[in-house]
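Shared between the two complexes below is chain A, which pairs with chain B and chain C, respectively.
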Partner chain A sequence: MNVAVKSIQKILLTMLLALAIGALFILFIGENPLEAYGALLRGAFNGKLKIGTTLASFTPLLLTSCAFAVAAKAGAFNVGVEGEVFLGGITAAYIGINWTFLPAPVLLIVCFLGAMTVAALWALIPAVLKAYYRVSEVCVTILMNSVALYITSYLVSGPMSAGVANAQSLPVTVNLPQFMKPSSVNAGLFIALITVVFMIWVLNKTTFGYKVKTVGTNPSHAEYVGISPKKIFIQSMMLSGALGGMAGCIEVLGVHGYFLNNFAAGLGSNGMLASLIVKNNLVFAPFMSFFLAVLKSGAMGMQQSTGVPKSIVDTITAVFIIVATMELLFQFKDKKNKKEKSK
Partner chain B sequence: MDFGKIFSVSLIYATFRSATPIIYAALCAAITQQADILNIGTEGIMLTGAFAAVAVSYLTGSWLLGVIVAMIAGLIMAMIMAVGHIRYKAEICAIGMGINLFALAITKFLLNSALGKSGTFSEPGIIAIPRVSLPFLAKVPFLKEIFDNWCITEWFVIVLIILVWFVFYKTVWGLRLRAVGQFPMAAQTAGINVNSMKYRAIAISGLIGGLAGAHLSLGYSKMFTENMTNARGFMGVAAMYFGGAHPILTAAGCLVFGLTDSIGARLQAYGVPSQLVLLMPYVVTIATLAVSMASKMAREKKKKSALAKA
Partner chain C sequence: MSEYVIEMKDIVKSFGNVHAVRNGQFTLKKGEIHSLIGENGAGKSTMMKLLYGMYPIDDGSIRIHGDHIPSISPKIAIEKGIGMVHQEFMLVNELTVLENIILGFEPRHGITIDFDKARKTVEQYINQYGMDIQLGKKINQISVGEAQRVEIIKTLTRGANVIILDEPTAVLTPQETKQLFVILQNLRKDGKSLVFISHKLNEVMEISDRISVMRQGNYIGSVSKEETSPAELAKMMIGREVFLNIEKTQTKPGEKVLEVKDVWVSGEKEISKIRGVSLDVRAGEIVGIAGIDGNGQSELIEAIAGLRQVEKGSVLLDGKELGGLSPKQIRKAGLSHIPEDRNTRGLNRSMSIKENLIAVQVGEAPFCKGVVRDDKETMEYAKQLSEVFDIRPRDPEISTQSLSGGNAQKVVVAREVSIGGKLLVASQPTRGVDIGAIESIRKILQEVKAKGMGVLLVSADLEEILSLSDRIVVMHEGRITGRLKAEEANEDNLGLLMMGGTASAKERGSTT
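Moving on to the complex of A and B:
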């Protein structure tokens, strides 16, 4: 049995176990789990609007899961993707509102570049602290998420406020075209898909990708063969940040059209979940992102048509991740195989 | 701006008050750190404890029962992490984050389904941890402001810091725990069961983490809100790094964050935007962490070069 088949098998087993544990929770509050899961699927796929909404929530997860995976390949545990999404979003909003002297197509590109640069610089801070001073990047990035949230929240309720009751910025002057209206799915979906394919190519087929993976698996070996682990670590963290910033830019320009306070809550952590479940495999991560997007967008429909609160979905995904991280959980089959082989 | 009003006597208690939940969290992280396990799940353990404490206190009307159940809830969360990490070789950061997300989701789910509320749960039926008033201090002006009317768990944290310090550095168990953390193979050769030591460390850490949550929801405040820990668990982990898992230094680190928090709260009265005030403790945490790690590295480098010369 080859490795890919085995890991897919493991992911599916984990998924079933997580859904089963979720069903137990639903039974516990006296509802029918099958009905609830049915309502969940209907909520995600029934009708054009619902499919569109599912795809719209799939778009940022594609990028955030990829962002987490890229950092993880170099051995970083980048929990800070969420903060990078926020800062990318606010930069895109600022450029999109104020730099109107540029023609629209150029402005669009500048929005993306600005968002990615700021987010990459944000990711540079924990990267340098980790590479040169061995400060735990997990701790720093988590705390920096809160800082990013408060900074953007201050900006949209103060200097950049639109002056309405909600904390939000003025509308941006360029937008990514939306198709499948009235849902908010937009051209960003294709940008995200192309980016993910590009990242898979970069990591598997380029020298940079080889260096990143070498540093991630064995930094001392990397040092011996003349790769600077510190430099590569920092570069991959910045790349991860840039991807997060791109997700923020797409959300602002494509979905909302303005910067909405706290818009990215959960985008980073769900991307992290998707990536962790598939062991940071860039090829599987998009599929897992899609599964999580279905759960998220179906949750509202489930809450409306059955008595199950939508927070059950978060519980299921959390159980999923806990089970998925346990490396040896489904290894009993391997032992059997080995025994048979040795005979 | 009136600096006399910001830096008054009451700032001392305010600092200690906002540092206490972080001190509990930091002790929770320090115990596992001594066994070389980074307890990223502190936040989740604490949040579960906070919810369990409020729910039980509301349903039974007993704060003590609430605290006990909170500690048991913390223990359960910690044991999930322990089994995953030790038995099934889960990466500690990954499963720790899993525990955090699980705690966030399950408390939200139970708040919705079992208590029928969303967002915040604040009822008069919640019995808070009682405060201790010291009548003999009533006539002493300075000390009265500092020491009067502390919550029981605020007094207890001082006991706990000393207790944990004593266990770490003055008992055989503590020595074994540190041996497991520093060189597990040597510890095993000396006849210590490494895995059982790790299980015990995580279990105790879970109990303290649950207590941290109970203090946060029943002592520090008297309610439960979604994600009410608000990265306090991570601040605890940062303080643990700052203090090198030494309980007393760690607690001192927490006081720095507490001080920032309470100065910030006062600055808000002078028109400083609330978001900027709220982000201050986080920035200070990151800065202290960076400076302490950098100076630690510089010290190590110095030691190494001294050896090379000799």
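Moving on to the complex of A and C:
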């Protein structure tokens, strides 16, 4: 428990430090950081619409950060979550538009299953290449993100196009109910939350979770005790893909109601950031996702009511990552504390 | 001026809740080799790391050449003429030997490095101490022994008068150890003072002038070599008498449990590292494989365990062909395996003791219910094994990261022995563990044999092979160079065979 408390302290401290450095930048451009941050918070929380919007951008991050963390537990660096979100989204859209012969509740479930399956199979490609041919999954997944984007772009501009000016598909026939209209937050939020809790349970309590952690921390030990590192690596990459696909499905069915070209831009990478900052800790990742969602959705409000450009938020995020990776900083602090105690 | 080059007094150091050093005392005279011995976790390495300034001391004082040094850092230590050869070498694999030696202390020529001058200085040391080092090679091309000499040269070029060697022989073959000792004696003759950390008593007796013993972070005492004996040192280290030479239990060997027939296996870098090895192990006997490290023993064991591809030949376990089976299937067929490297293979250091104890039975009854792990059963089982195998500390929840070598190895042994099976492969089961653990692990191997399992024992420690095995097979360069019964084997004839001696050497050996 002590360890958990320490990590929380660290994360909070990192947040404050990132915000402080962000404040310096705001000072440089001649604005008042307190005002800017105030506007940011108002932009994220002031009123039903704004809270809803924040929660709506929190939903996919919950899943993508979890997706990245699950793969990371088995030792994979899955940059491909974004591509998986796209493909999950397009699959959900296709099924949601065309399989109308199914009753609505079944169709909804089939949309999810389809999206998760396709995304998992998409993740299978880099996983197999890595496990059996030692091709870096980082390179493959980065490249495959573009491929996924272009496949979906093609589909919504061509075969699946709604025939309107925007590249988008026809509306789907099932939707996840939105509950804080006019914002787009929807039932997907609860699905995502339950999924994340379920994944935490899987990793900590099940045999599969044990195997994933063993492979991720010491593959040669795993091999020796009779756990196949290759199989587990592939399985957890596919699981990660499925989570990405689920995020895509929720975006399409819950937020847009149709497949909008390039809708997932940044969802994968932001989820990855959230996960990386907390060292792929599944329990902390949701909190970090929430923080990022607040920054993102508050940024517009800040830009509108103060002279601070919303890109300052990207600066804060970047500083965040730098600070979070500066382990040394905290080690120094620990030492100092100890010295003071011993005196 | 003080009589001592180094004086460490009343040293205290803890890491969190672990008291690594409670009461550390150490002195070093000019021109002596002073051994610091103790079991794993006794605090000997920590003492020397404190002297080298790698961690700050909590309490006590350090004097170098009589000067009190209030806070020491590696930089200050180097300036004061202290050099340290760490257990894990601190060398850059991609650079050449020469570049490694001068790294951080490069002689300069304007803005470029003056390699000629560097080479001259380094060569002077090489000649002076009779070291065999090729300066142009890259670190990843040289042997462990050579890398160690590079580390020694590195300390010398930085002007070290005091050289600390942290368990230098742990990674060396007996031949390399002899070479190292010649170098150490040359250094002593030249007035250098050496600290030799070890827990191998015979080596300590051979090389030291004085010996200091530590136990559980406490200083026990210092003796000069002439006044002591290995038995007395062992007693000081452990606090009681130890018996390493266990009476061999006589059992009647039964059916063949392992048959290796003309097996060829690739090594990491070369194909056919093992060329046509055949051997068998019967139930209720211990077969020892003797040989210098790196002569194919590791590859043979990994091939048997299914962790390495067999080129040709066949391995049968209890009559079942193992070719093409996964490690899991081979374990199901009756293999238990204590691997040579407990840190990468044997344990998952990021997991707790209890999780490591059930590692091979994860997903099997009674440690799971459906897909969910059963923590209660696991805990129960882990508590029981900790008790039986005396794993300390007695808390199965703690991470194996913090265990000493001996206790970490006990976790591996406990797990492998408890699952039973037909054959136990024990590879270097007591390497790098303390004497207390050596004693208990050897006893366990005897018990396993008495229960009717076949045991295949690989060890670089001849004494271990001789004291445990019923039959001995000697390997050299991937072949078997001799097969002896325990009664006819001794250090001499085994030694010859290990160096690649022929059958005639074996005849000669067995008649002596």
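Worth a mention:
Everything below uses one rule, namely that the second predicted complex is superposed on the first by the 334 of 343 C-alpha atoms of A that agree within 3 Å, B and C clash if a C-alpha of one lies under 4 Å from a C-alpha of the other, contacts with A are read in each partner's own complex, and residues count from 1 in each chain.
Simple rule for what comes next: a contact is a pair of C-beta atoms (placed from the backbone, for glycine too) under 8 Å apart; a residue touches a chain by one contact, two chains touch by 3 or more.
Computed from a prediction, not measured in an experiment: that's the story for all the values here.
After superposition on chain A, the partners chain B and chain C are seen to clash.
With both structures placed on the common chain, the touch criterion links A:165 to neither chain B nor chain C.
Which of chain B and chain C touches more residues of chain A is settled by the count: it is B.
Within the superposed three-chain model, A:153 lies in touch with chain B and out of touch with chain C [touch as defined at top].
Of the two partner chains placed around the shared chain by superposition, chain C is the only one that A:224 touches, whereas chain B remains out of contact. By the touch criterion defined above, A:208 reaches chain C but does not reach chain B. By the touch criterion defined above, A:5 lies against neither chain B nor chain C after alignment on the C-alpha atoms of chain A. When the two complexes are overlaid on their common chain A, residue A:135 makes contact with chain B while staying clear of chain C. Only one of the chain B stretches 37-45, 163-171 or 181-189 carries C-alpha atoms that clash with chain C in the superposed arrangement, namely 181-189.
In the three-chain superposition model, chain A touches chain B and chain C at no common residue. Contacts from chain A toward chain C in the complex involve residues 205-211, 213-214, 217-218, 220-228, 335, 339, 342. Within the complex formed with chain A, the residues of chain B that make contact are 38, 40, 80, 84, 87-91, 93-95, 97-99, 101-102, 104-106, 108-109, 112-114, 118, 230-231, 234-235, 237-238, 241, 273, 275-276, 278-279, 282-283, 285-286, 289-290, 293-294, 297. Listed in rising order, the residues of chain A touching chain B in the complex are 25, 29, 77, 79, 129, 133-136, 138-140, 142-144, 146-147, 150-151, 153-154, 157-158, 269, 272-273, 276, 309, 311-312, 314-315, 317-319, 321-322, 325-329.
Residue ranges on chain C touching chain A, taken from their complex, read 56, 58-59, 305, 307, 326-328, 331, 337, 339, 344-351, 355, 359-360, 362-363, 368, 371-373.
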